[in-house]
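Each of the next two complexes has chain A plus one other chain: chain B in the first, chain C in the second.
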Partner chain A sequence: MENILQVRNLHTYFYLENSVVKAVEGVSFDLGKGEVLGLVGESGCGKSVTAYSLIKLIDKPGRIKKGEVIFKGKDLLKINEKFLPKIRGKDISIIFQEPHAALSPVYTVGYQIEETIRAHNRNMGGKQLKEKVLELLVKVEIKDPYAKIKSYPHNLSGGEAQRVMIAQSLSCQPQIVIADEPTTALDVTIQAKVIGLFKKLKEEENFSLIFITHDLALCAQLADRIAVMYAGQIVEIASLDKIIKEPLHPYTKALFLSLPKKGKEKTKLQAIKGDVPEADKKPKGCFFYPRCNLGKNSCRENRPELKEIEPGHWVRCLVCGIEGRR
Partner chain B sequence: MESSEGSFKKGLRKLRKHRLAVFSFWVLLVLYLSALFAPVISPYHYETEKRAFSYAPPSRIRIIDSEGNLSRPFIYKRNFQFDQFYRRIYQEDKSEKFPIRFFTRGDRYHFLNLFETDFHLFGVDEPAYLNLFGTDARGRDLFSRVIYGSQISLSIGLVGVFIAMLIGSFVGGISGYFGGKTDSFLMRFAEIIMVIPSLYLLLSLRSIFAYNLTSLQMYFVIVVIMSFIGWPGIARIVRGMAISLQQREYVLAARSLGCGHLQIIRKHIIPHTFSYLIVSASISIPGYILGESALSLLGLGIQDPYASWGNLLSDAMAIAHIRLHPWILIPGVFIFITVMAFNLFGDGLRDAFDPRSEFIKK
Partner chain C sequence: MEKILKVEELKKYYPVKKGVFGRAAEFIKAVDGVSFSLLRGQTLGLVGESGCGKSTLARTILRLIDSDSGKIIFKGRDITALSHREIKSTRKDMQIIFQDPFNSLDPRFTVFGIVSEGLRNFSQKKSKKEIYQKVAKALEDVGLPRELLSRYPHEFSGGQRQRISIARALVLEPELLVLDEPVSSLDVSIQAQVINLLVDLQKKKNLSYIFIAHDLGIVRHICDQVCVMKDGKIVESGKTEAVFQSPGHPYTRTLLDSAPALPL
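Let's look at the complex of A and B:
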């Protein structure tokens, strides 16, 4: 598969007064054309910061310390700041977690979608814009699109607002859509509908999707490949099948063990002991070592690298790998 | 901070319950309408002078004539004699009644630069002289001059506040949005302007400009000076709001969708401060009116023969004049009424529309 985005060794740090929070420490992955990559991890593991770093939406005190984000042969982290607005929204767009917070309360829904289109197509006429907005709203299957164009975000339900966000992010036919926990603020029935909508839109528009979530089950419905993040690093990345059937990293395994399974409803779910290390107090060796049940002495001192254990299956662990499969 | 139709209507309903604010609103409406229709309402032109009526007291409008019969409102013509100090003593000549005529003809004028006419709402036939508020030293009708003066005094507040808001919200928006060094620089500059006592700043800025300006130039000079003094206060508050707005997710969303910085400031930061700006505008307009009055009172503002409430009051700077001709203080009453009305109306607006006032009540 042709890669559309290559992320290499991304480091994003937040420089606070007394400490440096290393939110993202060496994230690397590829995104194929038309592929859905699920980015899974606990709260605070750096999923969102990774996503924002891709289009350099990191504000002070945060800074992207090093790394490369290669899109269309160019490193987005190195190109001139003034070209970024031309890429954001047009080539790469983000869907946010809280649709009501991400829509401005003072403008109508139609106007906000128009604004995005206008930002990237200067010479589109008013009538054309209106038609385009309507077309987008129909595409995201919003009920009564004619009326919704003129309504304000607070007139919409959570699901509707999220559909508007999706319409807005798709308004310029982006090649990459980053969905930052797009269903977290919605209830389960609406979640299912939105996931269905994503599937449909992906068929129609053929964009690549980075789907960020903490919900493995949800991710499994949509993703082609899954990357599991822990404490600012990707610990395992593999195709959906592989990761479900043969998870290698102890963290991934533990995640699956903590999910309820069909037929085993009566058994107690296994929690992962301990907490995610605080971003400014990470262990010296493997970040997962304090919570790991495979950990050896060498893990305490040495940091593992992301290794390709078999084609397309990368794991960041010193212990597992071949041995761990047994 | 949702400025939708719903919350707007809610605010309007609250405003209607605020009786003083409603009353002030009507007072202001009457004042502004009379400023707009000043040439029609005032019986004479502001330049019309009748030296024979220097410092004539307000005309007595009578409805009962010398024979004790009820009649339509009328006045008597007045003549003066000198007393032993060569002061003029006006006496009514009761031989002839001069009824007050409505929709009559008088001095010619250009209405709003559109057409020329001599239509007046009311007036009396010559040689009687109708002076509701008396006359000034040169025998010009004070009522007419107060009405004409309101054109300048009332509009200077609106224009001045508008310009100050424009500069203030723009500078404040940039300052709060970008933060860092931009913020420090702009805010220190604003504070420098704020720490200088405003009257001295007003006077020293006035001295930058020439003294022999036409009345229109003078008007703009005053507006520019006043808004130069006024913007820092607005900028500081808008900055504070911009800092908090800049962290909202929709600002991040707008950036992620490719909006530039200035577009975000213009469309997603400043509009959210409107509820504050409108309230603060209505509260700060009196300052502009007073500032103009102060400049004109000191003879640095609007110059004779043009009238503004401030330069009308400059006549009242000598105590002797106030004692002998107390009616020359009437423009001050108008300033007082307008300032009070704006303050009360602004209070009402704030209670009704400022989102923070709700929290205070809870």
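Let's look at the complex of A and C:
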């Protein structure tokens, strides 16, 4: 598969008054054309910061320390700032978690979608714009699209508002869509519908999708490949099938084991001991070492690199290997 | 087994529109004729989408909100009609744990202050030493060392904070605990720890739980019975396995189908 985006050794730090929070420490991955990459991890593990770093949406005190984000042969982190607005929303668009917080309360839904299209197509006429907005609202299967053009975000339910966000993100035929926990604020039944919509749109539009979530099961509904993040690093990346059936990293394995299982009700869950390390107090060696049940002495001192253990299956661990599976 | 709680035709309406002469003309039926009962030592799951009235129901049962009609029979006694003074002695026996431990702990109190507040409220006669011992014991029960008593909430992680709120409830030796989404704001890798703790405590102290949640996997794991709520009404209830295996109401089926499951 042809890669549309290559992320190499991305580091994003936040410089606070008396500490440095290393939110992202060496994230690397490729995104294929038309592929859905699931970025899974707990809150605070750096998944959102990774996503925002891709299009340089990092504000002070944050800074992208180093790394490369190569899109169409250019490093987005090095090109002139003034070209970025031409890429954001057009080639790479983003869907935020809280639709009601992301949409402006003082403009109509139609105006906000129009705004994006206008920004990238200067000479599109008013009538054309209106038609395009309507077409987009129909595409995201919003109920009563004619009336919705003139309504304000507060008139919409959570699911509808998220559909508007999706319409907005698709308005300029992006090649990459980044969806940052797009269904976390929604109820399960609505969530299922929005996931269905994503599947349909992906078929029609053929964009690549980076789907960020903390819910492994949800990610499995959509993703072709899954990257598991922990404490600012990708610890394992592989195809959906591999991650679910043959996870290698102790953290990924432990996550699956800690889920409640059918037929084992009322038994003890296999919890992961300890707590997620705070972002400014990470262990010296492997970040997962204090909670790991495979850890050896060498893990305490040495930081593992992301290694390709079998084709397409990358793991950041000193201990587990292909033979560790059985 | 003894019924610790019985709820009959409980209703709570909120007026939303005033008609002529200032009389309420329209209502939001947050809890609309709910009946169920809970046996001692068991767990009842309340599931439903946001806005279906789960939390209002829980708060009404604890009389944090007054009901409009219906009966709440707690340990054989109807508590709906009790005055605020009379209910105080019952309050100790029913406690609640809130969803978000970042909002439900007072940032200006130390852990000791938070956990001992209930004790100081309900039993003025206890000596300082007795209170300290009870608080330390409660902390131990939830797996936190007593050295942490002088710390403040902001020094703790989400999982630890939720343990503190469990200690706060346990210190009064309640019989009924209402758990209002106790793990949904926690990290995935921490949820199992807290669920295990809750199950252990239930066994050890013979507690009865009302467990409000939207994560159906966890509900299935720990609940003996489930009630599915929609628009203030219970649309289906029964033994957990029966409801999950063969849901009768179409809404229950939609809910179960919508929940993402891993293709294992």
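Observations, loosely collected:
The rule is simple: the second predicted complex is superposed on the first by the 318 of 326 C-alpha atoms of A that agree within 3 Å, B and C clash if a C-alpha of one lies under 4 Å from a C-alpha of the other, contacts with A are read in each partner's own complex, and residues count from 1 in each chain.
Just so it is clear, a contact is a pair of C-beta atoms (placed from the backbone, for glycine too) under 8 Å apart; a residue touches a chain by one contact, two chains touch by 3 or more.
Quick caveat: nothing in here was measured; it's all calculated off a predicted structure.
Touch criterion not met for A:139: it reaches neither chain B nor chain C. Once chain A of one complex is fitted onto chain A of the other, the partner contacts of A:85 are limited to chain B, with no touch recorded for chain C.
When the two complexes are overlaid on their common chain A, residue A:101 makes contact with chain B while staying clear of chain C. Once the two complexes are overlaid on the shared chain, A:152 sits against chain B while remaining clear of chain C. In the superposition on chain A, A:189 makes contact with chain C only, while chain B stays out of contact range. Residue by residue along chain A, chain B and chain C are tallied for touches, and C comes out ahead.
Residue ranges of chain A in contact with chain C, taken from their complex: 42-44, 187-189, 191-192, 195, 214-218, 220-221, 244-245, 251, 254-256, 258-262, 264-266, 268-273, 275-276, 278, 291.
Interface residues of chain B, counted against chain A in their complex, comprise 1-4, 179-180, 248-250, 252-260, 263, 267-268, 271-272. Chain A meets chain B in the complex at residues 52, 55, 57, 60, 85-90, 93-94, 96, 98, 101-107, 115-116, 119-120, 152, 154-155, 165, 168-169, 172.
The touching residues of chain C, when paired with chain A in their complex, are 49-50, 157, 159-160, 187-193, 195-196, 199, 214, 216-218, 220-222, 240-241, 254-255, 257-264.
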